[in-house]
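Two complexes, one shared chain (chain A), two partners (chain B, chain C).
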Partner chain A sequence: MATPTAPSRVRRQLPTSPWLFAAPGLLITGAFVLHPFVSTVVNSFTDRRTLIPGHFVGLANFRELLHDDMFWTGLRNSTLYIVGVVPALVILPLLLALLVQKNIPGITFFRSAFYTPVVASIVVVGLIWVWLLDERGLVNSLLETVGIGRVGFLSDQWLLLLSAMAVTVWKGLGYYMIIYLAALANVPRELHEAAAVDGAGPVRRFLDVTVPAVRPTMVLVAALSSVAAFKVFSEVYLMAGPSGGPAGEDTTLVMLVQRTGTGLTGRVGYASALSVVVFVVTVALMLLVLRADRKEES
Partner chain B sequence: MRISRRTFAAAAVALVLPLSACGSGGDDGGSTDASGKVEGNITFQTWNLRANFKPYFEGLIADFEKKYPGTRVKWIDQPAEGYADKISADAAGGTLPDVVNVSPDLVAPLAEAGLALDLDKAAGKYRSEYLDGAWASHRIPGLSGTYAFPWYLNTGPLFYNKSLFTKAGLDPSTPPKTYDELFTDALQMAKKTDGKVATLANVPTIEDFGRYGVQLMNKEGTGFAFNDAKGVGLLTKYKELYDAKALDPQALTATPESSGKKFLTEAVAMNPGSALDLGNFKKQAPGLYKNIGITDQITSTGHVNMYVMGVMVNSRTKHTPAAVAFAHFVTDAQNQMSFAEKVAIFPSTAGSLDDPYFTKEDGTDETRVRIAAAKSLKNAVNYTPVLFSEQMKTALRNEVAKALQGKESPKAALDNAVKACDQLLKQQG
Partner chain C sequence: MSVLEKVRPRQEPVVRELRVTDEHGRRVRVWELVLRYALLLAVLALTVGPFLWQLSTSLKGPTEDIFGSPPEFLPSHPTLHNYERVADTIPVWDYALNSLKVASASVVTNCVGSALAGYALARLRYRGRGVATLVFVLAMLVPVEGIIIAQFTTMRELGLNNTLIGVVLPGSIGAMNVLLMRNAFRNLPYEIEEAAYVDGANVWQRFWRIALPSVKGTLAVVAIFAFMGAWDDFLWPLIVLSDPDKFTLTIGLNYLHGTFANDERLVAAGTVIAVAPLIALFACLQRYFFRGVGEGAVKG
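Up next is the complex of A and B:
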């Protein structure tokens, strides 16, 4: 039988224990999330360079970026990326999930096939698409064969951006499809049956039963994909090259951060100011999507 | 025990605050005096040399350790791509190796940050062993001193596809030598192949402007000047090539790797490279290898561009005498000569280029190319301005692209490029 003093000892130790359990996580977060974040914000108010500590310059970096043409190009391209990629990544994976949701023989193969691009390395994927879309690549050879002629997918500013968007959508389909599959599994079967009894066809059932049931998931996908789209780097970097396409016209904001802030003569202060802008826009995007959802619900 | 909020905050600050020192370098500098005993463990970093020259460097290090008992050299090699970023990360993190393989444009920011040892002070006695021009190539405008031992020199050959030349009605035995000849041949190539074969895969770089005879910087070295009439003339000609598809349509986004592939697939007829490329052609494109022509860089000044490699000593090394001795050992006449016999590079040490190895014909193509290159090296110029940073290269490239696309006139594009480069130069301090 326990002595009367035992519970009080346990109670006394309780306040310390949670902190000890949380300590590893807190340490990692502090070192690899909090500290870099605070450093970036502090650096954005300095003229720090890669090898030179720099001085406090107030808002000079932020004023400079307002007059930097490349900043506006980056902001335009990152915004266009959201406009081009997010609707596709909200709708197409849902349709794909509906296709592979049914348990028919061999469906596992298709589920795996659609998910494969997600696990493939972005560098490998990027290089394959560059080969496909090259002036002498497979796609152009096919277009020439059917009489359309060669298209400058990798040399035209807008086609390059569209090609990069296509790769992002192609690579992201499987990931969001899995999220939708989980959501679809929770849609009550009775609702579909009731709608069918009331005479609703497949399209009507999709719009009036499926879509409302997975709407929270659609909002989540919209939020996640818009943040990822705004921060796009790899696809555009691999397809447009380090210079960001012809005359740098396909540069995105994150590419600009990388180009400005790295290397031996990198302008760390200015790149930090750009990063702060990316952060603020990203948070604003999330809030906007969530707010739109709340409005819709009410 | 109960942890108060204040205690927790103090602990968090104590843990996180020291990390803020990361990247700021710190000033735990070593000695600039290289006269002490040569001993201790040092690290030596090369630039993409392990794959082809492992036995040479292992032998070199063993010889040094034998000559100076009590020394130990750890050799690390970094890939060509991202080399500047690797040095940058090491320099910012305080982990720069003791002895580093650099080029003049890489050593400039390191010297400005006080991370490169001034060899005029620490190793001035060795100066007479090197060619004057080579020793001067690691001097930085605005700073006094020399910040790396000159190592090997190269001019880099220009490869061309003889078969494509013949198909276009050009004589493969007389490839273009000057820019005017290049423009004429390139336009003919494009015309005869209906724009299917381009002659060049890259937009003009700062070195092209130099070899065309454009003055790159003002006399004081305080600002750029490549937007003069000659510079505009060069860009106007390139625009003509681009419109005629004599310059590859993907040139605006090309990288050295992608233009190398274009040459391999015979989509372009000429491409600059290095002696190592010949091996790649043999392995990856035997058909092309049979038709390979090798010529000098295109130049209208009579001077080809010289690429200079150097060996820098980290000013924060704990073993200055050993690091300086090793950097000198790697670059001395004997070791440079023995390295030159393994690969088509040229020594920067005085008198080495007069060695029969670089002057006496033996009837082979290899020797003929080597002798021709050594001869052109004697009056070669390092056209790349030491202070021309990566950001400046991007600024020039973007403006050149705008001119080629017709979005800006060549004059306006070069004016903008000069303005941007001057601004970056000012920011570099």
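Up next is the complex of A and C:
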């Protein structure tokens, strides 16, 4: 592999060109990621609105957060989302990867088919499930046919949240399956053979050979999926509606950001404070998962 | 000779039946194979079934019962009528065109921008390269959802809210794509470019003629994920677009669902229009999709 720094002979070139190469990327990133990030933090200390510049108000927005029931509802739902979605997304795609790992005839078709939900837009996926879980939809028709009766998946506050979680898991399965497949390919077969010789059955081999071997990937999946779960917006927005289900009880934190901060009367300052919370929790989650990983390893 | 001839017909069917082997070249037992296929089919029904149900609903005419119990899986008189009706209800083809514009623009800007920046980070030496790299690494760590309000106010200040340009701009050169390209360029052997330099090629020629053709695979990954990301995006266009003329497909579908929630056939037709192009793209370019997951996950 080449050394990261170029030999000095190649160094002589038009002095402006490196910056010309990097300029578009730096400009876009600066203007639409880093600058908004800084101004989010700055705005969170102001009472800025969409059409009104606003003044410095210190920690007033954050104090208001603590007394805002909707904030706590959003925080609760976004946190519940992690609890509900992450274990499923760490385990189910791994089992799925084991299922599609063997090169049996037609397996590439199955792998691709299982990936289809990942390719589809979350809006398409959300609307498909809104129809499937409708009071008169397919799932309820089937439940009625087998004699269970119809269930209000999309009218009960908790069932709605659970349904949205199920949809998130359904859409994520194929993505994490591919990540696991790459990891499984690196598990040395000698380990499996040795375990088999020792008389370990499939379950034992899974727990004693596969799981330890793909543990780093499981941590990665846990980190990725928990961050994504905490920032959930579209699934719940589509299934519970823009106002967040019955009495807004299914509102998530990002839904609250979107509802508070947009439009002509948007409270940019307060929404920015909410965004700062989203950002802090996201970073904390990453650090938490990585730390839990290190602790367990040592 | 005669022995061989006698053995062969008896052996061949058996071998063919059990030729299925696992990734280690061992034979897979028949009962295990049956179990595997049964499970695969069950998962297939779960993952692809909902799409097919949506397709089936969109093809059912107004007289067909779509709510029946037990349900009818196939339309008894398939019709494209709902697709005509969805076009009468919302300008769905205009929305599709808007989505196509946004997605194509995103492909071009991401490919050009991240290839250039990636090359600058990987191959060129200049003061401030470390800082430039850091800018992209930091940008990758910022959750979009956390800065979306500030992005919206930035767009307002630029007068680009409610335009398709405003939809494209924030994701037009993704930081992760820049870093993907940087890694791809760094993995190229240096000697080839050095030889070109000796032959008098300037930096643009080295980039365009030598480096870029060697990283086509990664560039394809960037292109596909830029297309998919822009075509599928929901939250940002929802915030930045307010004028129904400018809607992309995802926003139009959300609008259709909100306005005509009781006409499932229409919504189904709309979703099929939105998802079909991507499924076709995926069917043609699968390996790049899978490769993108691998590279993205390791870097992200």
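Rule of thumb we're sticking to: the second predicted complex is superposed on the first by the 273 of 298 C-alpha atoms of A that agree within 3 Å, B and C clash if a C-alpha of one lies under 4 Å from a C-alpha of the other, contacts with A are read in each partner's own complex, and residues count from 1 in each chain.
Just so it is clear, a residue touches a chain if its C-beta (ideal position, glycine included) is under 8 Å from a C-beta of that chain, and two chains touch if they have at least 3 such contacts.
Note that the structure is predicted; figures quoted are calculated from it, not measured.
The superposition on chain A brings chain B into a clash with chain C.
When the two complexes are overlaid, the chain among chain B and chain C that reaches more residues of chain A is C. In the superposed pair of complexes, A:Ala240 makes contact with chain B only, with no contact to chain C. With both structures placed on the common chain, the touch criterion links A:Ser275 to chain C but leaves chain B unconnected.
In the superposed model, A:His35 makes contact with both chain B and chain C. In the superposed model, A:Ser17 lies in contact with chain C only, and not with chain B. Of the two partner chains, neither chain B nor chain C is touched by A:Lys295. Look at A:His67: by the touch rule set out above, it reaches neither chain B nor chain C. By the touch criterion defined above, A:Thr262 reaches both chain B and chain C. When the shared chain is aligned, chain C comes close enough to touch A:Ile104, but chain B does not.
Overlaying the two complexes on chain A leaves one chain B stretch of 183-191, 255-263, 291-299 or 327-335 clashing with chain C, which is 255-263.
Applying the stated touch rule to the two superposed structures, the overlap between the chain B and chain C interfaces on chain A comprises residues 19, 26, 30-31, 34-35, 39, 50, 134, 136, 242, 262, 266.
On the chain B side of its complex with chain A, the touching residues are 1-3, 8, 12, 15-16, 19-20, 24-25, 84-85, 87-88, 91-92, 106, 109-110, 112-113, 115, 248-250, 252-255, 258, 265, 267, 389-391, 394, 397-399, 401-402, 405, 407, 424, 427-429. By the touch criterion given at the top, residues 20-24, 28, 33, 36-37, 39-40, 43-44, 46-48, 50-51, 53-54, 57, 67-71, 109, 112-114, 116-117, 119-126, 129, 132, 135-136, 138-139, 141-143, 145-154, 156, 169-170, 172-173, 175, 178, 186-191, 193-194, 197, 202-204, 207, 228, 231-235, 238-239, 249-250, 253-254, 257-258, 264, 267-268, 270-271, 274-275, 278-279, 281-283, 286, 289-290, 293-294, 297, 300 of chain C touch chain A in their complex. Of all residues in chain A, only 1-7, 9-11, 13-14, 17-19, 21-22, 24-26, 28-37, 39-40, 43, 50, 96, 99-105, 107, 110, 112-117, 119-124, 127-132, 134, 136-138, 140-142, 144-145, 170, 173-175, 178-179, 182, 185, 189, 220, 224, 227, 231, 233-234, 238, 242, 254, 257-258, 261-262, 266, 268, 271-272, 275-276, 278-279, 282-283 touch chain C in the complex they form. Residues 15-16, 19, 26-27, 30-31, 34-35, 39, 47, 49-53, 134-136, 152, 154-155, 160, 240-243, 245-248, 259-260, 262-267 of chain A are the ones that touch chain B when the two sit in their complex.
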